[in-house]
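As written, the chains take the letters A, B, C and D, and residue 1 is the first residue of each chain.
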Amino acid sequence: MSTQKWKVTFKVHRQKANNSPNYDEYKLEVDPEEYVLDAVERIWAFHDRSLTFAHACHHSTCGACGMRVNGVEKLTCITFIHEIAKNGSTIKIEPLRNFPVISDLVVDMSTLYSGMEMVGQRPIVPLSEEPAASDIKPVKAKDGDYIRLSDCIECGLCISACPVATTTSGYFGPAILAGARQASINGGAETLKLVDCADGVWRCHSAYECTEVCPSFVEPGKKIMQLRRAVLGSRIKSLFGSRN
Amino acid sequence: MSQPHVIIIGAGFTGVATAHDLALRGLDVTVIERGSMVCGTSGRTHGLLHCGGRYCVKDQESAIECIEENLILRKIVPQVIEPNGGLFVALDEGDIEYSKEWLEGCEACQIPYKQLTHQQVLKLEPYLNPEVKLAYEVPDGTFDPLRLALAFAATAKSNGAKFQLYTDVTELIIDNTGRVTGLKIWDRTKDERRELHADMVVNATGAWAGEIADMAGANVPVRPTPGVMVAYEERFVNRAINRLCKPSDGDIVLPQRRMVVVGTTSFEVEDLDYVPVVDEQVDLMLERGAALIPGIKNAQMRGAYMATRPLIGAGLTGRSVARTFKCFDHKESDDIDGFVTITGGKATTLRQMAEKTSDIVCQKLDVEVECATAETPLLSYRQYYAL
Amino acid sequence: MTTYTNKPSPSNWLKWFDPRHRDTGTWAFILNRITALGLTFYLFLHLIILSQLAQGPDAYDSFLELAKTPIIVIGELLVIVAAIYHGLNGIRIGLTTFSETSNIQKTVFYFFILITVIGSLIFGIRMFTA
Amino acid sequence: MIETKSIQKPDEAAGLWLLKVLLGVLIIIILTIHLIVNHFIGEGALLTWQDVVDYFANPWIVFMEITFLVVVVSHSLIGMRSIILDLNPSKGTMKIVDWVLSIIGVVSTVYGIWLALKIASFSV
C-alpha cells in the first residue's frame, strides 16, 4: 500500500425505520489502496456509531457487503478506493436497489434467498459442474469429484442492477435464474418448468447489467440464455417424445 | 411465557450455535448483535474445518475437540463444507524433524492420516511446491463462514429463537442482589432504545467478551489476537494445505470458491473495533504462501483482511496460548448471578462450545434437557431469511 | 421531491430509461424499448392514415403532397432508423439466446449500431435528394 | 415478512415469447423483400394513389400485405404485453389487458383486410 494518504468525502445514505432518507457526509483520510468497506467500517468505528451496514468475510466469499458505490453495484470488500475515486473526490454510498431498505445501507434480501431455495440452487457443487478456471480441466479425485462452494455468493448486486427488477417484484431476477440454470444441469426438469413463465426466464430483456456487476464469475446474463435453450429443448422433447 | 428467557449477546459462531442449542432444548432465546450476522471475527475466519493436526503437538485438548467436531459438522451441516481433505507438507529439514512429534500427536488424538508419496501428492495437487519432502493427507475441510452461522441461526429460528441485529448493548441491568436481569439496548435500525429482560444473559462476544464483562464489573482474561489473511484470485488447490511445522505465520493455504486464502499472523491490539491491515504482514503472506504454492507469487490479490481471535489466558502470548475455549459462570468468579461468558475456541469447535455453555445455562436455570445438537441436522442456511 | 422508492415498483418505470452508471447493454435495452413504443405508435397512426386510400385519388394524393414537408420526412426517417435498430437488436437477442454468444453481445451491439447509422445515412440521403 | 415468488402469475411462457421472436424474424424478411421490390426494382413506386392501386392489382401483393399487417400487429401487441408485464400487473389487470390487446388486434386486422380489398377493388 502506498504511504500517500487521500482526503475523500463519503456521502452515505441514511434511513432509520420508516423515516425519509437523507445523506450524511464524512470526511476521511484514506489510503487509496484500502477497500471501500474498510472506510465504511471506520466511519462506524470512529465517526458515527449509529450507522448500520452488513459485512462478514471481507474477501468476496460471503456476499454480505454489496452496496451501490457512486451509483454502481460493488462488493465493497474487494473494491479499492482508487478504483472509484481520486484524491479529494466524493464517494456516494447507497444501499442496493430493488430490495426494501432495513436501515441505512442494509437491505432485506429474503426474496433472493427464498428464490434460490425455490429453484434448487446448490450452495456446494461438484467441481466438474462449476470448474474453477476454464483453462484448467477439473481433476477428478479417485473416489469421485471434488466438492466446492458454488460461484454465486448471493450478494444481490445483479438484482440491484437489473432494469426489469426495478419495476416488478415478481421477476425472479438474474441470480435466481442463474441458480436455476445450475440446478437444471443434472436433471432439474421441475426447475425448467418453474422458470418457464412470465416472471421467469422470458422476462429478461438482455441488458446484461447483471453480468456487468457480478463480482463472482457467475455471468447471470449468459446463464439466462443457456436456461432459455434448456427450457426450449425440454419443451421440444416433451412435444415429440415422452408425452404421456 | 413458561420457558426461561435467555439473551445471548453476539451473533458470532458461539452466539448462533448457543442459540441453536438452547432453542433446541426448548428455551426462549433472543440474540442481540450490534452488527450484521458474523460481522466480527467469525465471518472473517479462514474457513478451515480443522482436523486437529495443527494443534496435536502442543495443544492436544484443542486437537481432540477439532477432530470430534469436524466429523460432527460434516454430518449436520454438509451444505456449507468443501469436504476435500487437507495435506500436511514438509518443505525443509526442520519440518521433517517436526513430523515425528506430529505423527505421535495424531496418534494420541486419533486424527486419521495417510502418508503420500511425492508422486501421489503432486498428482492430487499439481500446484504444490515440487520441493515437497513429506506429505500426509488428513480429513481437513473448508467452510463458508457466513453460511455456517446462518445454518445454525436458521435452525435456532425454526425453534423459536429471535435475532435482533444492528442492536447495541448499552448497559447490563443488575438488581440489588447483584444479579443480571436484562439489558438496555439501542436498536439502530429504528434508532430506538429500550430494555430487555431475561432470566440469564450469555456473553458470547468473543474477542469483545472483556468489554461486555466489564459492564457488569466482571473480569474475563481474554486476549484479543488479530491475524491477517490474504485471498488470491486463483483456486490452486482443492485441499487445505498446512505446512508441517509448529504453528507459525502464513503456514496454511486454503481453497475457497475461485480463490485461495493464505493465513495467518498473530499480534496484539488495543482497539478492537477497527484493526487495520498491516502491509508488511500482507507481504509476509505472499512470501509464505508462495513457499507452499509457488503460483501464488504471480496471482492477483483479491482481498486482505484482519480477524481478531479471542485467546484466553494471562501471562502467555500469541501462539503459545491454548486454542481451547472456556465458559465462565460469573457467579463463581465475580459473584454476579445470571451472567455467563463463553469465549476462546475456534470456528471448528463452535457446536461443542455451545453445548458446554448451554449445559451451564441449563444447570443454573434448573432445566434438565440433554444436548441434541450433535445428532440434529441443520436446516438450509437460507431458511434464516425465510423464517 | 420524488418519494423514495427502493423496492421494485411499477412507478419506477422512468428508471428504465436512465442510462447513468450503467453499461452498454442498458443502451441496447433503452433503445429497444423506445423504438418499440415509437414503432407501435407509428404502426397504428399509419393504419389510420391509410384510410385516405379508400377515399379515392384526390384525398390520398393531397395527403401525399402534405407528406413531402420536411418535418414529415424527418419523421419518416426516424421511423426507418427505429425499424433498422429494433430489427437488428432483435437479431442480437435471438443470436445470444440461441447460441453461446452472450460474451460478445457488446461487440454485436456496436456493430449493429454502425449498421444502423450507415443504413440511416443511405435512406436519409435518398429521401432528401429525391 | 418474506415475500415469496408467486408462480401463478399471468403467463408468458415459451410459446408466446417464441412467437414474438418468429414474428420478428418474419417482419425482417418481409420488410427486406418489400424494400427490394419497392425501392430497388420498381423505381420510385407508390408515390401516387394510382401507383398504390396498380400495386394492389397483384393478388400476391394483397396476400403479402395482409400477412405483413397481421404479423406486425401481433408482434407489436405481444411486445406491448411484455412491457406491461414488466410493470408487475395483477392477474386481474392482465386479464383486462389481454382482452384490450386482443380487441385491438382483431379490429386492426379486420380493418386492414377491408382496406386492402377495397384498394384492390379500385383496379378492377
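The rule is simple: contacts are C-beta pairs under 8 Å (C-beta built on N, C-alpha and C of every residue); 3 or more make two chains touch, one makes a residue touch a chain.
Every value quoted in this text rests on a predicted model; they were computed, and no experiment measured them.
By number of C-beta pairs in contact, A-C leads over the other of A-C and C-D. Once CA atoms are averaged chain by chain and compared with the all-protein CA average, the nearest chain turns out to be A. Between chain A and chain C, the centres computed from C-alpha atoms are 32 Å apart. In terms of their C-alpha centroids, the spacing between chain B and chain D amounts to 63 Å.
With centres defined as mean CA coordinates, chain D is found 16 Å away from chain C. Chain A and chain B have CA centres that are 26 Å apart.
Shared interface positions of chain B, i.e. residues touching 2 or more other chains, are given as 385-386.
Within chain A, the positions touching two or more other chains are listed as 110, 114, 167-169, 171, 205.
Residue positions of chain D touching 2 or more other chains: 2, 86-88. The part of chain A that touches chain D in the complex is made up of residues 108, 110-111, 114-115, 118, 164, 167-172, 176, 194, 196-199, 202-203, 205, 231-232, 235. Taken together, the chain A residues at the contact with chain C in this complex read 15, 20-21, 70-72, 95, 97-101, 107, 161, 163, 165-169, 171, 205-209, 211-212, 219, 221-222, 225-226, 228-229.
On the chain D side of its complex with chain A, the touching residues are 1-7, 9-14, 16-18, 85-88. Note for the complex: chain A touches chain B at residues 1, 16-17, 35, 38, 41-42, 44-46, 49-64, 77-78, 102-103, 106, 109-110, 113-114, 116-117, 123-124, 127, 132-133, 139, 141, 146-151, 153, 216-217. Partner chain A is touched in their complex by these residues of chain C: 4, 6-10, 12-13, 15-16, 20-26, 28-29, 32-33, 92-93, 96-98, 100, 102-103, 105-106.
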